[in-house]
Amino acid sequence: MQEKLPFSCDYMKGAHPSILKRINDTNMLATDGYGTDPICEEAKEKIKAACGCPDAQVEFLMGGTQTNAVMISAFLRPYEGVISADTGHVNIHEAGAIEATGHKVLARPHKDGKLYAGDIRQFMTDFYNDLNHEHAVFPGMVYISHPTEFGTLYSKEELTELKAVCDDFDIPLYLDGARLAYALACPENDVTLKDLAKLCDAFYIGGTKCGAFLGEAVVLTNPEKIPHLFTMIKQRGGSLAKGRVLGIQFDELFSNDLYYSIGETAIRTAMRIRRALEENGYRYYLETPSNQIFIVLDNKRLAKLGEKVSYEFWEKYDDESTIFRLATSWSTTDEEVDALIEVLKEIANN
Amino acid sequence: MQEKLPFSCDYMKGAHPSILKRINDTNMLATDGYGTDPICEEAKEKIKAACGCPDAQVEFLMGGTQTNAVMISAFLRPYEGVISADTGHVNIHEAGAIEATGHKVLARPHKDGKLYAGDIRQFMTDFYNDLNHEHAVFPGMVYISHPTEFGTLYSKEELTELKAVCDDFDIPLYLDGARLAYALACPENDVTLKDLAKLCDAFYIGGTKCGAFLGEAVVLTNPEKIPHLFTMIKQRGGSLAKGRVLGIQFDELFSNDLYYSIGETAIRTAMRIRRALEENGYRYYLETPSNQIFIVLDNKRLAKLGEKVSYEFWEKYDDESTIFRLATSWSTTDEEVDALIEVLKEIANN
Amino acid sequence: MQEKLPFSCDYMKGAHPSILKRINDTNMLATDGYGTDPICEEAKEKIKAACGCPDAQVEFLMGGTQTNAVMISAFLRPYEGVISADTGHVNIHEAGAIEATGHKVLARPHKDGKLYAGDIRQFMTDFYNDLNHEHAVFPGMVYISHPTEFGTLYSKEELTELKAVCDDFDIPLYLDGARLAYALACPENDVTLKDLAKLCDAFYIGGTKCGAFLGEAVVLTNPEKIPHLFTMIKQRGGSLAKGRVLGIQFDELFSNDLYYSIGETAIRTAMRIRRALEENGYRYYLETPSNQIFIVLDNKRLAKLGEKVSYEFWEKYDDESTIFRLATSWSTTDEEVDALIEVLKEIANN
Amino acid sequence: MQEKLPFSCDYMKGAHPSILKRINDTNMLATDGYGTDPICEEAKEKIKAACGCPDAQVEFLMGGTQTNAVMISAFLRPYEGVISADTGHVNIHEAGAIEATGHKVLARPHKDGKLYAGDIRQFMTDFYNDLNHEHAVFPGMVYISHPTEFGTLYSKEELTELKAVCDDFDIPLYLDGARLAYALACPENDVTLKDLAKLCDAFYIGGTKCGAFLGEAVVLTNPEKIPHLFTMIKQRGGSLAKGRVLGIQFDELFSNDLYYSIGETAIRTAMRIRRALEENGYRYYLETPSNQIFIVLDNKRLAKLGEKVSYEFWEKYDDESTIFRLATSWSTTDEEVDALIEVLKEIANN
């Protein structure tokens, strides 16, 4: 289909072969619907075990925007909003999904796509010190993603500090793990699933961008914090009649440590691309450790690149140049990378 | 998994083998995301052709509740609500998804699950005759389903009359076709896809319950009526990153007339079950032509049935008996039906 | 202005003279805004004393629809709806204000405008017995009004029973007292403000229809049940910059027992009208004890009545006749009643 | 009540004596409700005449937050948000009222509280140039206020330029005139009501802060742009049963040019205060022409000021000093200003 080299995003191909096999193998089994089948049950147990959190509630949803809208509106009271980096997915790329549930996104300036505990603490303190704060939206939770929109990573220490601020102000910390497998596969990463289960009130383990056809697994570490989460998922259109389609995929992702290994190819191939970029004098927009690479390039060269490579337009840098993204995935092949490096060289030397 | 005979619903198994094959065949192709790939494009063209409506806009969503919430909130202005049968899916089984978008469901008494033009006309006339109607929710569109929640069917004449009322009051007619393939396969049905495209302002062609893993195809006959529908789908969490997963399935459903034939097995096997029910003195809750059968049975016999058969509890009939549903599907086998008939006989004769 | 005899509603004239005097007397005082002034404080203390509920939170809002939308959306979680009589104000006359906050009104059949404990208990029990109830809107609170839309009254026993059902299912009971002063002035009424404070989780004491220019006083008996109620009022546009305008009026209504006596004129004059109606063979739509009278009259006679009397169209009764309402108020004069009775006689005898 | 000198805001006292007189004079008249009475009709005619816009629709609401929420949600489609200065009232001081209607506030950096045409044009152009803009909230209208939150004024030329951008992108321009009377009374102001009616798709004429007890008059210049505005007002709790309370006040404000003269006292007294501030070496946070003055003062001096003067805390300036606001109004007396100036001198010289 796509004749160009496929580097625009990490959801260009189908599912990991193991997942596809399970879907084939289970196709004619009959099960109950809406996630009440035994495969979903088993997948949930595996995820709870992987998170070291036997008392958690795990629910499968279909996509990230949906998951964020459900979880954020489930945590918040009507007078509350969610703190997010101004570059956060919920603030920019979800077509107002959070606001459509009635809640403000309280956008804070990011640093490399990240929020920092000190800034949040200051913001919260200022909010409560403002004598008129009862006329304003209360900051009711913190939303972060790991990796971030820019592919950067939180350290365990940074997450621990963020959680400490949240605890001090008694608000939940929620983490969007749309690309979590790629974080877990990064050598720079020191955050495990068990850490997330300890440090977050809820987070989701991304499937769609990490080798599944679709699906995200929400982990709510203390189910009492959101009674009747299933009904809220249903209300927001996030419940699948053939719920097992999600369960099968996550069951496979959490068998044989697939979720830990599935990101490795992406990270290894991204490293190869980075070396080639550096050797050929390309300029990063910012340095990132995971499967996304952000580059600033003059528009003429970018047009040339675009003839052979499928890339993602990020934003205008200035009148002459553009920020664009290259992304690898579990399915990136060395042949694709070889060909990309050829193109990168050619363009650099013209 | 399911050890019992699988008759509780029409989404108990995976996907039709042809669909599964296409998913396998296309797995390692690389395409763009969010439904902008060529397979989605082709599937949309096939659906427009099948509907005889080349100017329509076709969009793929993941599930029915989601599709209804998106389309109803997209058609309505804030002061409007949607007319539905009181038994309508949007009124009862969607956890308040419509109200969560800010709109009232204006429930009207059903007859066999259906709305009738005369009743709607009276309701609309009374509304505008009420001197205080500006203090009330305006009836802004009509929601029906075909087949209905009870598996009953509209005739082409009934739909034509409903559309005439809608036109007289300048409100859209929207049809939920979650189980449309089963209507199309009914000998009693005289409504075609082309009729729907002429008589409805929008409708959806159900995939999830009609042989796909998941997915519904919305047909908006005049795209000018809802600008930026894509963004509204995205906002409500209905847009899939790997959008092609939906496109592939609908492309297959609309190849080789699969969508027309896929319901035939369900209708044929439902007929076999109906004969057995009648021969053994069972009592219908109401008579239905399609793949759902509603039966009233005393609780003791139902408990026995439940030991061997997976059925759907519908509602309490009285203190001694219950309304339950048996459903067939594209995947129902004659062996399953044989076994079910044995059970039905056994229970009837005890 | 109004040349006709003013009986269409109880909000046709300005404010009770005592209230007007206080507004004049306080006009040039300078106070802080948004209800933080000392007059509001004093009014709140008086209301808490009248309710025998020193720990309650009292807030002033501007109108009934607003108050209902704020309180109902504040009590409910996203997956919940509010039980109301199908004739309830929130279900019919508020233009979808509740649904606009995202919540379904769960309309139940009324009897004389009232809900009964037995019916609610059955509804709640059926809901939880339905195996699919997690796919439906949870009944999350009960809304009633006293007097009801039809001017009927709950007895203390009926309220006690309703509260018992609510307690059994752990949902709040909320009472709309838009016309509460008229209930309190009815000889048939055995419910006091102190009873309401014991039996309701929240209720509002109506000002607009009971002698104030505008304003409703919400009493939340246990403030911990709705943290940050002020911010929710502000968010829904219910907070007045010159909040004292509301405080002054309620301070006066709760001085010298004015709120208890203000309804007496309305009840006495309504009784005079009822006697005249009965003596002249008019037919009630239903019998009511308070300040609203609902009459069925043939359209020809009603047209004649309408030449001299301002009445409220209620609804079509049949093709020949109409249900209309006459309402008295704190400001109804005996001269107005005399003239009305003359008209009633004249029309009856033609 | 308020023992301190009343300069914290412009809504500290009751209503202008002429308004109070009209409320007294009309108190016992009987009229229909919900703004359908003849006084409201007359007031609307006067406002349309003052705006030179006979075809406009005028509606009275109770407060500013309410008016903004109604008008913004009425103009926007679900996929759209409203552009506002980051300091705009809708972005900061309304407790998330806009988001509660489902729409994002698209906050843009302000200059002296104002938005500029060039910035908006760039923002709109960038939005449509972004290849992924269909995944984002569409900028669907522009919200400004005059005077702004900081008391600054738009020139007629600036408004004309803003309107040109709006026209180019086919989105409405909406103006919040909560303090419009104070703008109209400023010598610096060159914008008339007739200009606003030509340059804005809708705007509101503030009553609450400009001499009324409460009330804002919305002017929708082309009523076809928002069908059934009344029902939307009702739904958002903005419709007053005794609607005439608003009509009477606006009828008076638009009799004898009161709305034009009512701000003069405020502007004259603000000028006196400014002279005193300058003579005593106080430092403005920013220079403003209308009735609000923003001052930076060290916390020790501010504490002293606060002993005698009621001022408004604005925000922390740095660890040692604070931004605070002094506001005059139609009701500010020269005696109050004399006393304030004494205090300002005293504090400056200590």
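Going by the order they are written in, the chains are A, B, C and D; count residues from 1 in each one.
Just so we're on the same page, contacts are C-beta pairs under 8 Å (C-beta built on N, C-alpha and C of every residue); 3 or more make two chains touch, one makes a residue touch a chain.
All values derive from a computational prediction rather than experimental measurement.
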Intersection of contact partners for subunit C and subunit D: A, B
Chain separated most widely from subunit B, comparing mean CA positions: D
Quick note, more Cb pairs in contact for A-B or B-D? It is A-B
Distance from the CA centroid of subunit B to that of subunit C, rounded to the nearest Å? 42
Between subunit B and subunit D, centroid-to-centroid distance (C-alpha), Å: 50
Distance between the CA centroids of subunit A and subunit B (whole Å) is 33
Do you know which subunit D residues sit against two or more other chains? 78-79, 94-96, 100-102, 134-136, 231-232, 234-235
Could you please specify the touching residues of subunit A with respect to subunit D in the complex? 78-79, 81, 92-96, 99-105, 107, 126, 129-132, 134-137, 313, 315-316
Of all residues in subunit B, which touch subunit A in the complex? 1-2, 6, 8-9, 11-15, 17, 20, 23-24, 26-33, 37-39, 62-67, 69-70, 94-97, 100-101, 208-209, 213-214, 231-232, 234-242, 245, 310, 331
Quick one: which bits of subunit B touch subunit D in the complex? Just the residue numbers, please. 34, 73-74, 77-79, 101-102, 134-136, 138, 227-228, 230-232, 234-235
